[in-house]
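In the two assemblies presented below, subunit A is common to both, partnered first by subunit B and then by subunit C.
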Partner chain A sequence: MSAQTYKKFENAGSTDLPDKMTIYQDCMNKFNESPISPKRCRILISRLLRLLLNGETFPETEATALFFSISKLFQHPNDSLRQMVYLAIKELSGMSEDVLMATSSIMKDIQNGSDLVKPNAIRSLAYVLDESTAFSAERLLKSAVVSKQPSVSSAALITSLNLLPISETTIKRFANEAQEAIGDLKQFPHSSGANSEYYPNSTFTTQYHALGLVYQLKKNDKMALLKLVKQLSDNGNLLKNQMAKVQLVKLVNDLVNRDNQLFPQFQPILFNWLSNKFESVQIETAKLITSFASSHKNARLVSPDLFASTISTLQGLLTVPRVTSRFAALRILNKISMTSPEKIVICNPELESLINDSNRNISTYAITTLLKTGTAKNISSLISTITKFIHDVSDDFKIIIVDAVRTLSLNFPQEWKSIVKFLIDVLKNSEGGLTFKNSIIEAIFDIVSFVPQSKEVVLENLCDFIEDCEYNEILVRVLHLLGKEGPFTSKPSLYVRHIYNRVVLENSIIRSAAVVALSKFALTKNDSTLKSSIISLLKRISNDQDDEVRDRATIALKLIDFTSADDENSLIAHDLLQSKKFYDLPSLENKLSAYLSSNTDSFSTPFDSASVRKFTEDEVKAMDLKRKQEQVFNNTSEGSRETPIDMSLESTTSIKEQRLDTETYHGASLDQHQEELVATKYADELMNVEEFKDFGSLINSSKIISLTEQEAEFVVSGVKHIFKKHVVFQFNIKNTLTDVALDNVAVVCTSEDAESSKLNETFTLPIDRLMPSIELQCYVAFEKDSDVVMEGFLNNLVFTTRELNPDTQEPYEDDEGFQDEYEIDPIYLNAGDYIESSFIGDFESAFDELPNEEIAVYNIQEDISLQEVIDKLVVNTSCLPLSNTQFAPNDSNSHTLKLFGKSALNGMKVALLIKMIKSSKGIVIKAQGRAEDEELCSDLVNGLM
Partner chain B sequence: MGNYFSSMFDRLWGTNKELRILILGLDGAGKTTILYRLQIGEVVTTKPTIGFNVETLSYKNLKLNVWDLGGQTSIRPYWRCYYADTAAVIFVVDSTDKDRMATAAKELHMMLQEEELQDSALLVFANKQDQPGALSASEVSKQLNLVELKDRSWSIVASSAIKGEGISEGLDWLIDVIKEEQL
Partner chain C sequence: MSNLSLYSVNAILILDNHGNRIYSKYYKPPHLNNVITDSLFDNIKKQKEFEQKLFKKTHKQDSEILIFENNIILYKEYIDVTIYLVGNINENEIILQNAFSGFKGSMELLLNNGIDNKNVSENCDLVYLLIDEIIDNGVILETDPASIASRVTKQPTSDTLNQTLDLDKGLLGAWGFAKSKLQERLQQGL
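== the complex of A and B ==
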């Protein structure tokens, strides 16, 4: 006998989603029935939820209809159905209108519902209440917070936290109840009953939720937080919950990052926590200590003992059974390895054994960490280990490894041979997608530009590689590099042959790139045979079937023809064939989009490319290197910037995407890109102000300097702009008050030494009215009587406050406001403001060649670290640190910093060799400067600090 | 004899059958108070209803599914989402609130025009009769223009939810009408 059966819900586990419209119709029918069938409705809601959780959405009208029909299910007292109703309300609240209609019913459940539905009801509150209705839930929520039932209390605490942004005033009144809930060890009601053997009495999660809420309520009150930490850590047994303990560590992290002087007083607690029974507490504590110590101004506050214990805790965690703990510990060590690899060398044996960890995340991290802690001695053995390893991991991991190798090549330029060999090997022989291959190319390009002696070997290998490369993008990049570097090698004709092969064999995109590369060889010095063969190759190409390729070849021929003449055209042609200058891309982007959007004459005025800043190759390299150096810095300080308590629970959208490895370098990060755009924007705005038009072109602008605390009532930052005969201070002023506007906002700058000031204030451009949460600029302009002027200014913000009528957001007519002042930090013009950083491959010979010398010796008696001195010098001089001298050694008390830059006024070079020695009496600095310009040299050397 | 009849009704209506009844009216009229007076027989302290309350109660062997909808201006537009399948509407008026009598009349007539409510019976409670200065039921009836209502069974009953007066009289009338009409 055979039978066929079909059950409607049988394939619930399958990946096919139910049909949206069917579900909608079913819901509308079943939910509006009378009487309703709780079981059917429950199943229907679960199918609806499945849709929603898979990212399906409903248009507002349908979502609202769904919501109303679901609200009708409140008529049925079935608890399981009610729980589903709550889940649905939470999901629909984002799409549907008028969810407040569920409020009364929810509140009734909170008051009289069963213990089963109470927590669900409470949690849904945050989704239906708004500012005007939140207060009506106050009493209910408050009593739920102190409920003896842990799940009810937890739900109320989380809901309060979620309601905080909606109605702060209401939730603020729960502070005492929340505080009480931290210490209250609530037990599940069943814990004394029959099941108590099998279930824990409580997980004490309420403590975690309560602590989270208390922190949010008190986060602006340092004293209250200190008291809280003291109370919770004095009585070590009070917090039972693991997450609550971790939370407490984060709270301390927040405190010490706000006020680093607090660190010493927490040291004993931290010691304790390093050996806490929970691994997560150990990890969080280690993270706190190491990220705190990674900031140089804090490092000296961390006792060596504590740091050593931290490392040994982490070392111990590397061998625990729990994968997540191993991973977390390794991640922290990896971060340390980026700046101070020598501090974790003792972990090398454990790290080496982790290379074979079955978890790929861990093995990859172990390798990248080892690559940092590696010394010149073991690099080649490490490289051979990775060579075996890299072929059987996924692309993501390969990229991480390649990146680590790239950094390695910058740190150990002398090891370039084995590194290049490795990179070329993976480039040619390993499987992988475009992103991966591109990361290898990125690394190889870095080596070519920063390790000049590697150039020819690399180029030859790349020639081989392009014979068989499947990615257009990469081929084009390589061809570009060959064209750029090839003409200056010992055998240019070799490259010409390889490039021409591409013209014969590849598609039009690559042929076009090859034409451009080829044409550059025509300029190879004193090689007329090469030139004529290039010309004949290009002639052949000008019959190509693709018009772009033909055009490029024809233009190249024309340009080459021009170069043989001896006139102005020849120079232009030279420049076009082999350009020495590169556009500042953010500025180009900005100007182009401005050009496109302000089109008044249907583009009959051509775009003015002359107004876009251009850089020489060395400048580009300098910026590139600087960016990479800063990247490492930013990564190491990232830990301290994390929000201390991140508890956006329940929200499906709050899952932050986090990359496995933050050190991966993807060109300029968004932040840096933004910063550059902002800088360009400031410069453009400045140049559009009528009053500054006479000042001529802008020579240099400083970075943005913050002049107040970020939490101040008025947040002010400054930018120094240097012109030929003028200096302009730009003050970005933000009004953070909510109900007050500021009128006639200006900054009064007073020279620190008014008698001998070389700057004459010419005018101030005040801000007429600064509304709440708006940022605007005030400019103060000075005339200077010599090229380089160095001075300090004390600054005062002056303004008239006008109270705002909350209804109109206009100041009250009859209120004249009152004058007020606000002191902000001083601003200093120093030699560095007249300097741009610049790259040079061989610092020593450049230094020796510069004619003028100046030497100065400084004695610093403050107790600061070598690293702090270095950071200050780099910022103050605006020069580029070379040969990795921007990092202070950790095992020695002396250091030599090499800086290179050039005058922003006239491009004259300057090099600084700064030796420093730290002793018990302070730090002695001997600065030796060499420069083309005598005055610049002495200004810079004498104005270092 | 009575038992005999009620079990006959049960059979005719099906034991599962519930009667859906809506309590409507302006905010503060006493709707929520009336609902809980019916359900638990006591006066509860109320807050303005944001949304609705729904209770199932047994009355004279019948299962009533009673919906008390919030009366604030912002909530009135949503009444209509709950009209379907309604056997009867109880409209509650605060007899002391003379200023808003016209508003109450307007809301009442607007509601009764709805297609979905064409077959529902209407019971009006002229509530808060315990208060001095309360309009009598006939005065309220006049103000609400009840005589205009055609094709519909309606009745107005003077009540005090606080004292519990008039409520069961009103409901008894309503149940009788429903039984008659639905039989």
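== the complex of A and C ==
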């Protein structure tokens, strides 16, 4: 061996990456040498693998050449070389062609090789076989599955699993052998390993692999799975491996999710598993029970005893020394805390001791869970606990805590005092970066807008805060808030002084924000001295050295000047200084981009902003609150949705990573946003139809209601649009047939009670031709003779089917087609369609102030949970649930729901106080409605269900 | 809905003390080409970004387990290397923990001079083989460190066919193993 090559091998262990071409050349040379030198070849292969595992790839021809020369090494019988060869074959199989050529060598090894390399050989089969050759491995795999060697049997089972997608029929032929392997306890042989110096324990992992494969083979056969579970759970000692046991728990989970009626039957087994000697089994069982119970329709199938012992199992796991077990238990508790925090209050002492856990993730989970379990009683003590340690933790962690506190403030508006005190304290006294401070400001803003009582205290504290705040972004936001809320407080002049201080002391960005805020104070009612001092301040500012500041001051002066006049300009000026309306942002964005892309007359016609929907402040707040509530809810009820949401969330901010599955605050709004976009799109399309132009502006649109099964031949969904004097039903019809087109598609709506119908059908806009897999809209318009009309309509889809010529995708010329009908679900126009959700800070006093009262009592015989009733009520009335009453407590049989909304026609307020009690006979509901409009009130209350 | 498939491990990583990869293997179930798979699997750039971010998150943060980008991560930091197991978010944490201790334990058994960058690179063949004996395509193969270690072949001592057995090392190895097992038991008993 020359000195040079020797040196090269010496360096094999160096941490630098070897050169790709050198490795390639060396491999080609050494592997084709005769006789083969196993030691050197193994070193070479490991260097090659290092390249590949670092992400290097070879072009296909080179990879194929490498693969070919490596397969020559099969000639050498050395086992330790052989193991490496298999590794290389697996890695290279992805990038080279003709991998099939190694099959015969591999198969020879499986038959005659030593026990050591057999498993490696079997496992490499999955990489070299394809659909057409997989069957050839049947006999080999079958005999390997029944082998007494656990590693051989495991390898065969996993390979079968890997091959399953391409050769299910082959694998099915030895389903029986696989099934037997579940119960077969294969001892790990002590003497046959390469390194007999170790003393292996038999873990019986083969059981796990066999169970996994058998499930995949039988997953469509519920009865077979049931039998399997019964067999394995009756004989508690059959499964020795803990992974296999966990797999069995998962299998039960699968079964009860398919058919929830099976749950009671499994209850005794689950009880047993909760005290299983393996913590993994306890955790998995707890996961099963809690996730099953979190769905409303299943909750009552879980006996309270079982749930209680689940919680105590988890509670026990919180104190074990093993980090992973604590972490897993906390994760489950955290999930429960989102839906039913009252159930885990007993774990609070343990949770509190975990706040100082050395694992940051555990302490984070502990604190967020604790904050969720907060009840009106213990909030202040919780907050004081947090105050003690918040200054010692990192920014990421602080943000999570602040976010949790923010949720708390939405849920317990009456506790605002201690929450505000806490937030202000952290804001002023704690070190932290921009993101952290911003999250506090975000939380404070939420409190100001949803808890009106807190306004003055918060604003005064914010004034103090901006005296020494280093972040421009935050200063600007605070100034904006002061300008918005300040004029309506008892002492507006106080804020003027603070804002003007900023003008004197800060940079131009903040100065310009301060100018805008100042100008709003000029409109304060009944205070002419304040107005004149604002004017003099603004005059002084209009000499500012910065253009923007000067401009803003000048404009503000001019506008203030206008407001004193008593003409049309005054209104406009008022509006500009202090806008009461906000544009619907998604729709504005849509319109603007459409405007930019159309560009027909090089923008000589100005953009028409009137066509964009506007909202008043209350409406914005209502939507905001609704979104936040829905997020919290979605987050909890659908664990499965967590996954994609989290992914998208991830890329946006790195700070929020930590709260991945504790809080998916921003994630869920994606869906919401999508929904809004669709709604705007529908409204736009509607307004573009010539026939509807005379109806005036659209007052309200309902959510999309599904009118057929999702799997039906024609999928239909409906939207109700309300106009001043008209009602339009929009039917979205999708043709899911592949070879038939529909002509003249229309919907025939028949009133349920034709005699007294107050709606007269004016016209229908049919769809001329509906091609396969296309969705189009059909509109049916009605004229209504009074403001609020409630009616139900039976709907029939009528159309002419025309068969399509598969070549041209056009209907046959001579095919007349034939008339057909298709019944779809009825559509109901109810009082809720005339109502928009609205926000009010103080529900009780607002409720008492409303003049007209109406009371109705309902009796529901069906066996449904309170939560289901609440959900239905919220959807039916389209009101906004307030004071967090949209969640029914799981442990109580009564609930009070507070709903608030206003008429879409004239903006009259309506409030509903709905009390419900659940008994063994059903649910009794007493709805008490109060509204400004008598008719609306009675319609709403009487049409609740 | 918990995950019934056996494909529970998404990746095994070994990073150095700057977050650069020493070993990284991402897994996906084979023969499922029509299914949209995790983009991490075939995008090197994304993988490296993922590793860097993960490293930043875990460096000097002795926390063993965390949730990161929708994965359960188990890790252990040594002097100048960190070993990671990236698991499916729906998998049982303790199962993953078992696989990870199998990984950690067998590394400690096989690299008897301690786990550090130099040792891992010098014995990379052993490391590759042992990881292959723990995880196959994301399926956990074995969790007992000694079983894993005993399935990994050492380098051929010479270019001859005979392998000699180093008895001295054997006894030491046994002693070391017994010691670690005893420690583990004691810890669990507490």
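Couple of notes before you dig in:
In this text, the second predicted complex is superposed on the first by the 514 of 945 C-alpha atoms of A that agree within 3 Å, B and C clash if a C-alpha of one lies under 4 Å from a C-alpha of the other, contacts with A are read in each partner's own complex, and residues count from 1 in each chain.
Here, a residue touches a chain if its C-beta (ideal position, glycine included) is under 8 Å from a C-beta of that chain, and two chains touch if they have at least 3 such contacts.
Just so it is clear, the structure is predicted and the values come from calculations on it, not from any experiment.
In the superposed model, A:Pro77 lies in contact with both subunit B and subunit C. Legend: residue contacts after superposition of the two complexes on their common chain; A:Leu116 is shown touching subunit C, with no touch to subunit B. Contact with subunit B, but none with subunit C, is seen for A:Thr133 once the two complexes are overlaid on the shared chain.
When the two complexes are superposed, the chain touching more residues of subunit A, out of subunit B and subunit C, is C. When both complexes are overlaid on chain A, the residue A:Thr103 reaches subunit B alone and has no touch with subunit C.
In the superposition on chain A, contact of A:Pro321 is made with subunit C only, not with subunit B. Of the two partner chains placed by the overlay, only subunit C lies in contact with A:Ser280; subunit B stays clear of it.
In the superposition on chain A, contact of A:Phe68 is made with subunit B only, not with subunit C. In the superposition on chain A, A:Arg42 makes contact with subunit C only, not with subunit B. When both complexes are aligned on chain A by C-alpha atoms, subunit A residues 77 touch subunit B in the first and subunit C in the second.
Contact residues of subunit A toward subunit C in the complex are 12-15, 37-40, 42-43, 45-46, 49-50, 53-55, 77-81, 83-84, 87, 90, 116, 119-120, 123, 126-127, 151, 154-155, 158, 161-166, 188, 193-203, 205, 208-209, 212, 215-216, 219, 242-243, 246-247, 250-251, 253-254, 257, 278-280, 283-284, 287-288, 291, 321-325, 327-328, 331, 358-362, 639-640, 643, 646-647, 650, 654, 657, 660-661. The part of subunit B that touches subunit A in the complex is made up of residues 16, 18, 20, 47-54, 56, 65, 67, 70, 75, 78, 81-82, 84-85. By the touch rule above, subunit C contacts subunit A in their complex via residues 1-6, 16, 21-25, 29-32, 44, 47-48, 53, 57, 61-70, 74, 89, 92-98, 109, 117-118, 121-125, 128-129, 132, 136-137, 139-147, 149-159, 161, 163, 165, 169-171, 173-174, 177-178, 187-188, 190. Within the complex, the subunit A residues that touch subunit B are 32, 34-35, 68, 71-72, 74-75, 77, 98, 100-106, 108, 133, 136.
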